[in-house]
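Shown below is the structure under consideration.
Which chain is which? They are A, B and C, in the order written, and residues in each are numbered from 1.
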Amino acid sequence: MNNRLHILVLPGVLLVAALLVAPIFYLFLDTIPDLEHPFSLYEAFLEKGFHRKIIIRTLRVALITTIICVILAYPCAFFIARYAGRLKAVLIVIAVFPLLLSPVVRSFAWMAILGKNGFVNDLLLFFRIIQEPMQMLYTEGAVIVGLTYLFLPLMILPLVGVIENIEEDLLDSAKSLGAKGNSVFFQIILPLSASGLLVGSILVFTGSLTAYTTPRLLGGDQAMTLSTLIYQNAMTLFEWDAASVIAIIMITSTILVMKIIGSLATHMNPDV
Amino acid sequence: MKRSGTVLIISILLVYIFLIGPLVIIGFSAFNESEFLDFPPKVYSFRWFFRIFESDMFLSAFQTSLLISVLGATGALLVGLPAAYSLSRTRAKWRRSVLSLFMSPVIVPGVVLGFALLKHVVIALEIEVWSGMIMGHMLIMIPYVIRVIVSSLSNVPIEIEEAAVSLGCSNTHAFLMVVLPNIRSGILAACLLAFITSLNDVPVTIFLTGPGVTTLPIQMLSYVEYYFDPTVSALSVLLMLLTVTIMIVIESTMGLSFFTKK
Amino acid sequence: MEFLKLQNLTAAYDQEIVLKKMNLEVKQGELLSLLGSSGCGKTTTLRIVSGFLKQREGSVLLEGKEISKTHPSERGFGYVFQNYALFPHLNVEDNVGFGLKQRKVGRGEINIKVAEMLELVDLTVFAGKRPLELSGGQRQRVALARAMAISPRLLLMDEPLSNLDAGLRVKMRIEIRRIQQDHNITALYVTHDQEECFSISDRVAVMNEGLIEQLGTPEEIYSSPATSFVARFVGFENFIPGTLEYSGKKLQVATEKSGVRIQINECSIPEQSSVVVALRPDGLELRASESKKKGVPGKVKVATYLGKGYRHLVDTELGELIADTKDELFTAHTNVIVIPKSDSMILLSRNND
């Protein structure tokens, strides 16, 4: 019985190994031209100020997006998990819905809102707050807004799960031992849900770091990120060395972030 | 407590307006006569919907998308179902690593996946565009298939298979007769979830796309960058309807609370 | 010839040995129980007999023939699982008839047999229901009917009653015994509940850490446990180590921990052996310390009410002793005299520990 079980995974393992592990491994090898100057390609890439700027921008955008999502998502998730009652299912459905929509649709919506003829400009002009339409698209800010829109549900949903799991018994016992209102929140609920926050943050941060459609549509060439840069290098400029370097940088930073924040989360609450 | 109550309600309202508002706006613009995305529309019409069906590009792109997603989902299921079964029944030490391996397409950035596939599979092995595309989509669908089916199988304890065997079934027969009927809804949900993921994908697809092989999101992407008009809004509305339908199906089979679990 | 023979069975999970050269013979038509706490190897034994687990060493012989190579689906054994393992997508009828369907029995015949089985467990009205709609006790009966429907050569039951509440357990065990005896089916029954086990078994194998500590009828085991593990299982709570000696004509045990000597009736253990005197709580009498009777002085630590009497935890030179009384209560901190009753004693040889 055991041997048969082993065999059943084989096709899948081979598939993923052949289509993911091997190609990425070879990509990594591509970035090491020879053993004497193993980092020469990386150096060449990082020499350009343009590239460094984009790396920093990508990190910055991801960080800001994550922070905004944390601030917006927490009260939301808290409400849904503990006060929503019969609304809970509806609220969750509404939060899930955008996740299942194409990122093209979701980013396009913001193009419509932030464009020169878009909703925001129309509003501002209407109230005579500005005289001429503002340039909002193709800026870093637009990308941040778009990414926040993209990833907010990803922060809300796991948080709801974690907060839900805080047993009522825990809170009751804290109260019976003398903890009052705010104390209960800060000493029990916040620490226990913090690990959920961290998990959500991993999703949002790494997602923002590596998103493609949103930076392309809302940032264009003026506000490029690593994802749009890799596409440009690979498919427009045919600079495959640079593209490979970017790829390895992206995957390394993703894994690093996951490991670090992940172990922090597990350290705080081993059940998560 | 009352004050924090108001804070909570305000934040929930704001956030949910933020989540739904943009979709409502482009929903309206889809029915707007004018080609500017102004809101609210002054005149309503269906012209942009007709536009979609007039030109060939969106229809054929949709066809291509469907084909790729269906074929990819089939492949992912063929490979994923036995793997999920194995993972849920085994206690071997490799279980965790293999599970992580299967989840890796979700962790690896889409653009990295796409580029790596292009460079070291499609080009290196001289694989044609269609096959490359289907392989890429199979890859991104496998994590969903496996995760959902493993979860489904956890509700069918192995004792049920053993009971069937003790009553005379062979191992395979026991699986077909007693496990499969009980994970049907899980398999359906897995397929739908995978299907949507594949249908909406951009980062992987954009590296694997080629002449004659363009998916709907890619087509929409290029269109938007050249012609900034509500055709894409109309398409978005149609896609939203499709998504709602699929969500209804998933809810009636598996329940959407799946999304709040880890 | 014995019906089922387990020879030198050894089994392991990864590196942990859970069965150590176990030997057991089961007679045709008997209900033999494997009794022990979790981890002792009783379920492992059952799974080896059924074929769901492969043994590392040893053989399983049915009527003299080795069956270890036979696939579990071909052994024709009925298996009743602890969690019943009913097929959730089939109703009661189809669950019960499942085994017959695999044997390609005709529709008509299946219906007859299923009806017969449902009647046997008194579930005829529930034929069309799904497992989800049934209570625990009802599911248990379906599981039993399903196993019986294939007219099994051997019935294997893995703690079938442990998920039911107390009253139901008592009721159901009588049912199971009745069915087993009426159909003269050989049954191997696994449980950790001593009372349940003793009330329905022809013989009991008390297991501990992969070995059978004692095999015998319930009466034998209850009155003459062979080791202190078995003794503990059947209610002995006081264990006093010492040496067997003659003092003049009287046989006594010189206790290890104090000068107290305990009077023994005749026994077959050689003199000068190390022994353990074992007593049930009702084998110790309690008297107030003023009473001047001969016994072990002590002080009551805790007294609790059992309904049928009082239980006292008494601190003595021999250690903590547990003594029951029927009507008299000695409250905490009272000085008492503990008198072991010779007729209630069991002497265990020390190397059996």
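FYI, contacts are C-beta pairs under 8 Å (C-beta built on N, C-alpha and C of every residue); 3 or more make two chains touch, one makes a residue touch a chain.
Not measured: the values here are computed from a predicted model.
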Min distance from chain CA centroid to global CA centroid: chain B
Comparing A-B with B-C, the busier interface by C-beta pairs is A-B
With chain centres defined as C-alpha means, what is the inter-centre distance between subunit B and subunit C in Å?
54
Between subunit A and subunit B, what is the gap in Å from one C-alpha centre to the other?
18
Which residue numbers or ranges of subunit B touch two or more of the other chains?
171
Write out the stretch or stretches of subunit C touching subunit B in their complex.
50, 52, 71-75, 77-79, 81, 83, 85-89, 98-99, 102-103, 146-147, 150
In their shared complex, subunit A is touched by residues of subunit B numbered 1, 5, 7-9, 11-12, 14-16, 18-20, 22-23, 25-26, 29, 36-39, 78-80, 82-83, 85-87, 89-90, 92, 98, 101-102, 104-105, 107-113, 115-121, 124, 135-136, 138-139, 142, 146, 171, 196, 199-200, 202-203, 206-207, 216-217, 220-221, 224-225, 228, 232-233, 235-236, 239-240, 243-244, 246-247, 251, 256-257, 259-262
The residues of subunit A that touch subunit B in their complex are 1-2, 4-6, 8-9, 11-13, 15-24, 26-27, 30, 72-73, 75-76, 78-80, 83, 89, 91-106, 108-113, 115, 117-119, 122, 149, 152-153, 156-158, 160-161, 164, 181, 199, 206, 209-213, 216-217, 227, 230-231, 234-235, 240, 243-244, 247, 250-251, 254-255, 258, 272
Once bound in the complex, which stretches of subunit B touch subunit C?
156-157, 159-160, 162-171, 173-174, 178, 181-182
